[in-house]
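Have a look at this one before I ask anything.
Naming follows writing order (A, B and C), and every chain is counted from residue 1.
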């Protein structure tokens, strides 16, 4: 009982409560949209973190998994009317299988190969999707047929249900990260990151461990892609397979804090606020200026805070928890 | 060879660029014994460990462990079959605690982190590091770092332990402690191969000794025989005479 | 598909390979000496292209002549990049290095977008349309000039590296930093030189292709992706390897475009990457 009543227990519960109530406090649907996008990036950043942070393998092509999920699902939904609730899993699994050869080929090598291979993968998929336009509709993209309010087809006429689904996904991803960190795989990934030779001498198959992290990461990213397709109704190759998206996903995790449970979640919130404010400030008038600022942000983070903002956040959170009333203090 | 042979190395050879590090090396290790491996610097001792444990594939030759051929297996495969090694230059997981370092070893046989933790505590007590369980590995003293190397390896519950110059740079008292620890491990059923330069330690610990020079085995036998073998003496003093 | 078309494809591939080689040489030089994987290398090409374009547009300077201006300019830029951006992260973990250069790439690409807009630009010179015809195969002179220019620059660089003291010092640092310090070589200066040269050489590649290639802000992305494949195939850090690999990749891309379609050339290049990583990750000049 003490655990629940202590700040460690109730602060996360309060935060969760706030998150649940939050969309209803928003003045108009546009802000709810921002919340949905934040939640999606939490999922994407946390998923990237599994292989990029814990696994130490930097992917610059996670859009490959995102786009795969989006396209697999949308093609099936359009062709056979299958419910996205089902194709979500399929999209994730296809993305997972896509990640396996990449892992097998790259993880036995030491060097920048994985980063380069992932860029290549995303770009190749983008070009292939553009090329086979009879199937994929090429550059025009695919649309999800609008069916109004159809929950079994993952379509709603208000933004709120989308937000709650995204919120569930985001919380689930955070919990999955925590579970993984405490599992044998989580420990092994840390050992590999510290000293791969020593880890191997202790019986750790480093390639296999990284491949598992990548598979999980790809699966989650693919599922997010399916959700995104359903939420926005339209997907284009340049958007869902683009290098820009891959960089953004990685940036979320880096700014927040790689290799931590909540870093990417914080990074997603910061990034989305950042994106929205720069859009307000520049009002789309100066093409390129916004992204120049992101690039500058990335360089600045690398130079001055390579561990991301998570250490600050952790300290702030610790301070708050320490200064909140707890059952022990009341009795003192 | 009889059933009491745990490890067999036959005709091992390895070349690095222009250097033949190991040539036609053959020896065996009996279950439950402590085998000492000595030789001047550059004689191929660490390379031999690397070949046995899969860090490099041999150019020729084979390695047999408990009757099974393990030549060319990757290090994690060798470890899971029961051979674990320490490194000459210690490779601790510097940013992790001593406890977590050992945990990485015990997780091999105990995938459940809770069970692995319990085992890790036992291992720490065995080597005398339980007081430092929460110290960061990177800030340990030399002797404790060596203890940690051994502890981590022990965590994997090996049948054969390969110790690479564990006693280098230790004080005489610390060497005594190390000797006692290794002897205790052997008494508990572990087979140990010890590569060392500290002659006193090797000679008092080992049941048998193998001597390497320039990648070849030049002598093999009981410590007493080895220390009076003229070929061995010449190998160690050899450099002087070779340039004369 | 007749023989002439295939020969045409081969020729185009070989000519373009010269340019890919220059970009890849810049990349591999920087990696070999400074050990940084520069994802912004394509932006050096892009900057060379824009510099050449503006020199032509504003002052009518011939693109090949303007190399004399653009190369030193890009050399200085490279030096600045090394001094202020790369130096702090020389010993940082891979994540820092990769994302520093990615960040730099994003900044440069979007700076170009911001200042010059997304418009595609071209340069038209007296010789833009010159074409030689040999046995039914067309040999556009700008492409030939670009190839020859690339060959010349690569040759000069190779001579510099093998015959001059400075060049040998550079190679020494690439081989073994510590030993070269013992020999009295200042690695920091060599890093500046390496990045300066790497930028200048790739920038020159940009300048050479302006007569027949559109100039736009994101043009660098294609070049850096191809350059990575070339560098890996040719072995990281090897300049001769990069030249040989560029030939293979250039011809493969060209034939790929011929047989599979214009938009799949890059896919063929990635197939080469996969094959290299599977069969010989250390590259053509690497020890397995």
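Couple of notes before you dig in:
Simple rule for what comes next: a contact is a pair of C-beta atoms (placed from the backbone, for glycine too) under 8 Å apart; a residue touches a chain by one contact, two chains touch by 3 or more.
The structure displayed is predicted, hence computed values, not measured ones.
The interface holding more C-beta pairs in contact, when A-C is weighed against A-B, is A-C. Ranking every chain by how far its Cα centroid lies from the centroid of chain A, the top place goes to B.
Inter-chain centre distance (chain B to chain C, centres taken as mean C-alpha positions): 49 Å. Rounded to whole angstrom units, the spacing between the C-alpha centres of chain A and chain C is 33. Note on chain placement: the centre of chain A and the centre of chain B lie 44 Å apart, centres being C-alpha means. Across the complex, chain B meets chain A through its residues 53, 55, 74-77, 79-80, 84-85, 87, 91-96, 100, 103-105, 107-108, 111-113, 116, 152-153, 155-156. Chain C makes touch with chain A in their complex at residues 37, 39, 85, 88-89, 92-96, 98-100, 102-115, 117-118, 217, 221, 225, 228-229, 232, 236, 261, 263-264, 266-267, 270, 273-274, 277-278, 281. Looking at the complex, you find that chain A touches chain B at residues 182-184, 187-188, 190-191, 194-195, 197-206. Within the complex formed with chain C, the residues of chain A that make contact are 52, 56, 58, 60, 105-106, 109, 111-113, 115-117, 119-121, 123-124, 127-128, 130-131, 243, 247, 250-251, 254, 258, 286-292, 294-299, 302-303, 306.
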